[in-house]
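Chains here go by letter, A, B, C and D, matching the order in which they are written, and residues are numbered from 1 within each.
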Amino acid sequence: MLEPNDYKVADLSLAEAGRHQIRLAEHEMPGLMALREEYAEEQPLRGARIAGSLHMTVQTAVLIETLTALGAEVRWASCNIFSTQDEAAAAVVVGQGTPERPEGVPVFAWKNETLPEYWWATRQILTWPGADENPDAGPNMILDDGGDATLLVHKGVEFEAAGTVPADPEEGDEDYSYEYTVILAALRESLAENPQRFTRLAERIQGVTEETTTGVHRLYQLAEEGKLLFPAINVNDSVTKSKFDNKYGIRHSLPDGLNRATDVLIGGKVAFVAGYGDVGKGAAEALRGQGARVIVSEVDPICALQAVMDGYQVARLEDVVEDADIFITTTGNKDVIRAEHMLRMKNKAIVGNVGHFDNEIDMASLAKTEGVRKVEIKPQVHEWVLGEGTDNERSIIVLSEGRLLNLGNATGHPSFVMSNSFANQTIAQIELFTKHGRTTAGGSPEYANQVYVLPKILDEKVARLHLDALGVRLTELSKAQAAYIGVDAAGPYKPDHYRY
Amino acid sequence: MLEPNDYKVADLSLAEAGRHQIRLAEHEMPGLMALREEYAEEQPLRGARIAGSLHMTVQTAVLIETLTALGAEVRWASCNIFSTQDEAAAAVVVGQGTPERPEGVPVFAWKNETLPEYWWATRQILTWPGADENPDAGPNMILDDGGDATLLVHKGVEFEAAGTVPADPEEGDEDYSYEYTVILAALRESLAENPQRFTRLAERIQGVTEETTTGVHRLYQLAEEGKLLFPAINVNDSVTKSKFDNKYGIRHSLPDGLNRATDVLIGGKVAFVAGYGDVGKGAAEALRGQGARVIVSEVDPICALQAVMDGYQVARLEDVVEDADIFITTTGNKDVIRAEHMLRMKNKAIVGNVGHFDNEIDMASLAKTEGVRKVEIKPQVHEWVLGEGTDNERSIIVLSEGRLLNLGNATGHPSFVMSNSFANQTIAQIELFTKHGRTTAGGSPEYANQVYVLPKILDEKVARLHLDALGVRLTELSKAQAAYIGVDAAGPYKPDHYRY
Amino acid sequence: MLEPNDYKVADLSLAEAGRHQIRLAEHEMPGLMALREEYAEEQPLRGARIAGSLHMTVQTAVLIETLTALGAEVRWASCNIFSTQDEAAAAVVVGQGTPERPEGVPVFAWKNETLPEYWWATRQILTWPGADENPDAGPNMILDDGGDATLLVHKGVEFEAAGTVPADPEEGDEDYSYEYTVILAALRESLAENPQRFTRLAERIQGVTEETTTGVHRLYQLAEEGKLLFPAINVNDSVTKSKFDNKYGIRHSLPDGLNRATDVLIGGKVAFVAGYGDVGKGAAEALRGQGARVIVSEVDPICALQAVMDGYQVARLEDVVEDADIFITTTGNKDVIRAEHMLRMKNKAIVGNVGHFDNEIDMASLAKTEGVRKVEIKPQVHEWVLGEGTDNERSIIVLSEGRLLNLGNATGHPSFVMSNSFANQTIAQIELFTKHGRTTAGGSPEYANQVYVLPKILDEKVARLHLDALGVRLTELSKAQAAYIGVDAAGPYKPDHYRY
Amino acid sequence: MLEPNDYKVADLSLAEAGRHQIRLAEHEMPGLMALREEYAEEQPLRGARIAGSLHMTVQTAVLIETLTALGAEVRWASCNIFSTQDEAAAAVVVGQGTPERPEGVPVFAWKNETLPEYWWATRQILTWPGADENPDAGPNMILDDGGDATLLVHKGVEFEAAGTVPADPEEGDEDYSYEYTVILAALRESLAENPQRFTRLAERIQGVTEETTTGVHRLYQLAEEGKLLFPAINVNDSVTKSKFDNKYGIRHSLPDGLNRATDVLIGGKVAFVAGYGDVGKGAAEALRGQGARVIVSEVDPICALQAVMDGYQVARLEDVVEDADIFITTTGNKDVIRAEHMLRMKNKAIVGNVGHFDNEIDMASLAKTEGVRKVEIKPQVHEWVLGEGTDNERSIIVLSEGRLLNLGNATGHPSFVMSNSFANQTIAQIELFTKHGRTTAGGSPEYANQVYVLPKILDEKVARLHLDALGVRLTELSKAQAAYIGVDAAGPYKPDHYRY
């Protein structure tokens, strides 16, 4: 059922364009489509009311429609103010338009939200019609990316217990951020409407599934402090998430971003890749595959040894900063490329980030450097003129202002990669919803208020769901062979510590 | 000097955007910039009046401004009705705006011309102000891509000799094409204005340089028939053109085109590449570098053996058409992928061409097939629904309507690759202009009305001009070493038949 | 001290040849050499009396001399009847011949031992001069590869407690093997000499370090049953062992073995690799690097998905057995290539194993097949004629009789790879000897009678010791960066479950 | 027919071992075996009496038996004093032992000949029984590798015309070499026996086919000077020779040689490759495929640009000589690695040559350097101690004394590669024998006393003969397609200057 008043993007022509793209994406998301088929009859999510907070893209549309195909009711917001693809949102709101599936799903997301709009939207996915009167009509599952929905619930419960929302911190206070004041304002409004809304809601949440490093980190902290209010599944550390999303996704989307942003031939260039974790491995492979010579930097001696054995030069940035043409950060740490480095780079060197945090490249200190000027070449591509007017005047090209260039300059991971991540999300939702420890859904109490990873057999299942589309025929173990290596013929095939 | 009346794109804000891009492209075109520096004083093209017909892109702007920096006067048109980048054209018209270089160059090109506009523009580059009165004020050099400027001159001379332009052929006649009638109309207009224009002009042309297979083919035919009116240099067969443009250019621009057109992860897919010439070699390397499994088809047993030795499966299209996810043609032949093949492809298979002619994929017969429907997903990306309503309903995705996808879905070859091709063009212009066989410029008559390739030493020079930018330091032969292998220490280093 | 009577290989010219090779190997074993330097003064193994059971090769000689350089006394036997390199053994026995290091080490190993000789040798490393009288003069550490020294101690203790060694099982009994009867005979002899020898010895053993999957498996079983008599460190699962030894070692030694065994060009061939674990990954990379087209088979869907994403075809053996030219097993399972497969292979197909067990290729059933004849081409290379006299007569080439071809047809892993494994062994010896739970060496009781893996910080240390030799300069985390990602700036850098 | 008196290696057990290897090699030489089949009936070499001078290896045995299978009579010598594989020679002498093919071929070659023995053997292949009496019983074709047989004939004719063999030059004379005095002695003996032997013989030679750069160079010189006595086909410049032998052969045999010579892990090392021609391309690819980081040096800017575009660093040796672990020369020039370089290398650096001439590495000046000592590690592997007794004492490892390491440390190119070269030889023999310009065989006089390359259609044929064995199915051009690109549907498919 379409709710036009609370949603801006229900535009039928947009929706039609989005539906085309969703249809093509379905083909590239065989994991989700296989789950739809497998569970078509069983409807394991019947009764699930899922509050979803995750980039509202074409791929997410396929996820949402998979969840509803398995019986769930869903409300959705994006987890990033920029990342919504409006045509995807519109198509989801309008629904699939078939006789069997006439209805759409309420989506509260549009491209370029303000922060107050963003947190309003996040509240909407947790505020279900009628739930103030009947808490059992509210959400009972959270699907999270970055942990914002989970954060809102935990803060809401905390402040409701205190009876009040604290005053805004001042600028300069340690816990001050503009965004935090927006969250506090949203909760003040909520407490005014219903002073027990989040408390009751949290009691009924049967679990959250979370797919980012950051979100997972928050969950482990809450669990350690004994404050986690419901079970959580860490989808981020599934092999089919971490090894595939990070390595193969970046291998695809890094050159895509570079190519759309610039006119630079990657072949023959020297490319510097900071970090040789999974993201760095994918980045280095992509650049080498295009004929670049890749130099890697590493902190971890084991990853450094892997890089050398894979044929890459391993050096410190400061030792090669004058030699490279392209600089890519993949570390997840901060201040990896600093102003001092950028000032020594070649004229027209390209600097970009596919790590995680937008402080990997220390743009702030570059901006403060004397004699620096920023020129927009096109959106998400800026030339920074250095040492203007000196003998050493030069410029460098910074992509996406130091934020993730594969998102900012291209379209992020392709559908096939997301199919792996989202199949993990879907299976984790089924797992928690059908086996949680709350009484409302009658499941057996297998999960406590802790953080879990998916059992390896389910991780293997996610992989299995993608093999047909790639033309793979798996070999089957005979009983004797399975016994010989001490596993079940149906898997799991490896000990938990296996490194792949 | 800006001539706003005969040129549509002299728009100052466009020109500014174009100038930014030209400035960045200059950095990626070290061959051209090195030529500017080398010949800054000598001005070898002083006195040259060049009529240029070549895609009016940002890279071509750098070529044009290199020619003028070497002393030439230039008039320019595009060689394709779609390929002009209007901001590049505008920037060239407006000029570089510096005190030393205030003036621009007349450009007769804009995106999406009609055929009559196209041939009007081609006439403008050959019709110099005052040349009807004083033929020595007309063009004395042609720089060609595809041979249209050369064609117009040869046809003009032929019809001026006959005293009349023949009547249009009828549809159905062997020599009929709509474009030919447009050319005839343009020449009728010219003969009416000046019945000896092309005759006098051709007498003063000191040579043409041509960079395409097609244009070169026409030139060899004219030379064989004894009809070539001036010397020609075949730039297409320079090693630094054919091996670099074809192989390394495609390695870059094929995945770029695929990524911009679709959301498909190349990794893990089966890609079929028709042809293993230089273009096919670049295509296969690019796809493998992204993790695809590549199957090659070949007609030539030597190229087939190379493909196998490089680790690719070599098969016929009809034997693997049901297995591949992505189909790329690179052959330069026609009817390579036919309707009978497309009807057997997997659902959502992707079909694209980076060969040369838009009939490599036989779109015409697909369009005529019963039960076929074409849906535009976005410009240059079409879904063709096959067998609609049958049990076997499927669709395939065709890129750029079967035309070159690296141009249609991406931006063609990057500047660095074009720097190689254009440095060949510039050197060939200097060679012909300074050593031609006409009296007007006093050169020694080294070139007859034949087709030449650049001497290997100049081919090596083009390569040499690009090495500094890539951080290469060449080894130098000692005299004893040079003598030992029977070459000059300064090159050329290889016999003409060397294959690289 | 040389003991010529109990050791066959103390031959001075052999020793000299061995010393040359040891000297070259030292250069390729920077991990061990760095440990010698780091601990030259501290002498952490002073007081350690190590019984070592590990292939007596040139690389092991460098390990032995590292242990003694750190202060240990050592006695050594091989862990395989075939693997001793006599020149290495001789050189170790004779010693380094320098004034500082005049003495050798007792080695009880020679190429091609009988099983009684083998177990005699294993007894010698546990039977130290004077230890029957003074148990404190016996060994206090075991360094094991495959667990035979550990087995002998545990069986000895068991039978000494029972007061007798049981009678030999009969052929056909479940626990019968010829080798077991040899072990029983050895222990009968020992109990006759000293009925408490192993009991007293075991009380003084401060730990064992073990590097094979098989040996580790036995240790975990003993620990689970509560029967493990001393602490154990599982060196096999260090990242610097498993990821390096398996992947990079095989990448090197597989083509080496193929090339020495046959005259077959790998380029252009179709190679089938069973298994895509670390060994399979290394094998596939090596074969692709030589221009083969590689087809992988897998049981595990996650590894299968990795193989596809890496660009390999994944299929079942039975579906491609007629297409491949080279078949390599890497699984560690049994009956992976069976007679039914071999009978369908191409004429002159090559079959080899780099997995672990010699039953991966079911040679036994091939030998029993009718119409089969085996021809020795050269040692370790056999042609098996199939269907002799029929229309379908063919032959296949089997390497090393189905045993590890990189050992049988080449020389196994190169020194650099072993330097990683042996640095783990050495560090594990130091760890257990200096921090064990026994009183004799005064260490703090940090280790119980369980199986441990090396702490990640020591795994990182092993990697670190190899980086200098490869010209790597590691980046260092600032304090702020370390804090930001929640690690110590000196490592360890990753959580235990990190997959590399 | 076996001639035991003039041939040392007719040993039946050797012959049996050789026959095994020949049988396996036949499988890897599908080009030769296909020629046997194609021409089994036609017998195009019936009447040909071929004097062959080419390394007497297992692969050459397959060539010899192909020539005889096509009807030729053959006498054979090796073209190198070290390269004979005695078991191959023995097997050829003894023959195939089947009822259909009972007889062997006279072979005059054994491993480790002296120079007088070598030139005696070369005389034997030109001195056929009864030919002194009846010159038509002598050889009428030469198959050459390096040109020694051709040289002997030309010198013989020259001296016979002069009536005498000149006196030996003195040491120090420009034309002095020890080998030349051996040749003069051999010819003196011949003139004494028959003063017109070579003159009559040369009149009947219908042509020579030659496969080395050196031999071809001599032939072109003779032709230019008008001294070439019979037509010659340059097999060396067939694409299927130069591109395959050089690139794919070296890719295989370089790592094979390194691995057999040393225990050094190639992975992770820095490898320097001098030259990026076909041999250098194969070398670099092989080393990268094993995980080395490769640095290339080049003189030719075009090849340098190719190397950079392929992702390699290009530098001068003197700039990186302290960084590399492995040095490989591939240039075909002299003094590429000099003593001054070797003295600056890392301790235990490895130096080897796969180019052509044994002076690529200037061993002579190294040997003369003060403080240098040479230690044999094993045959063909020497340690050179540098700066002995100084603070900077080091050593480097030189393979095969600077000669071709793929021959010296391994077994040269594998059979499959040689099948390409030898199929060219065989086809060239047929071409010259059946279409020569002499009257004796009645052929049409298509060939003059010049040097020819094989027509492209025959080059394509050689490739075609190898495709079945690799599972390739070629695509066929339709008539319309062939017409469209202006070729015959059966080939040749490319212009002569095409570079592949």
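Everything that follows uses one rule, which is that a contact is a pair of C-beta atoms (placed from the backbone, for glycine too) under 8 Å apart; a residue touches a chain by one contact, two chains touch by 3 or more.
Because the structure is a prediction, the values reported are computed rather than measured.
Of all the chains, the one whose CA centre sits at the greatest distance from that of chain B is C. Looking across A-D, C-D or A-C, the pair that copies the A-B interface, with over half of its contact pairs the same by residue number, is C-D. For the pairs B-D and B-C, the count of C-beta pairs in contact is higher at B-D.
Rounded to a whole number, the gap between the C-alpha centres of chain B and chain D is 42 angstrom. Averaging Cα coordinates per chain places chain B and chain C 60 Å apart. Under the contact definition stated at the top, the residues of chain C that touch 2 or more other chains are 248, 267-268, 288, 291, 305, 308-309, 313, 470-471. For chain D in complex with chain B, the touching residues are 237, 239-240, 242-244, 247-248, 274, 278, 297-306, 308-309, 313-317, 319, 332-335, 459-461, 463-464, 466-467, 470-478, 480-481, 484-485, 491, 493-494, 496-497, 499-500.
Touching chain B in their complex are the following residues of chain A: 20-21, 24-25, 27-28, 58, 248, 251-252, 255-256, 259-260, 262-270, 285-286, 288-291, 323, 347-348, 375, 377, 383, 397, 410-411, 414-417, 470-471.
Per the touch definition, chain C reaches chain B in the complex via residues 267-268, 288, 291-293, 305, 308-313.
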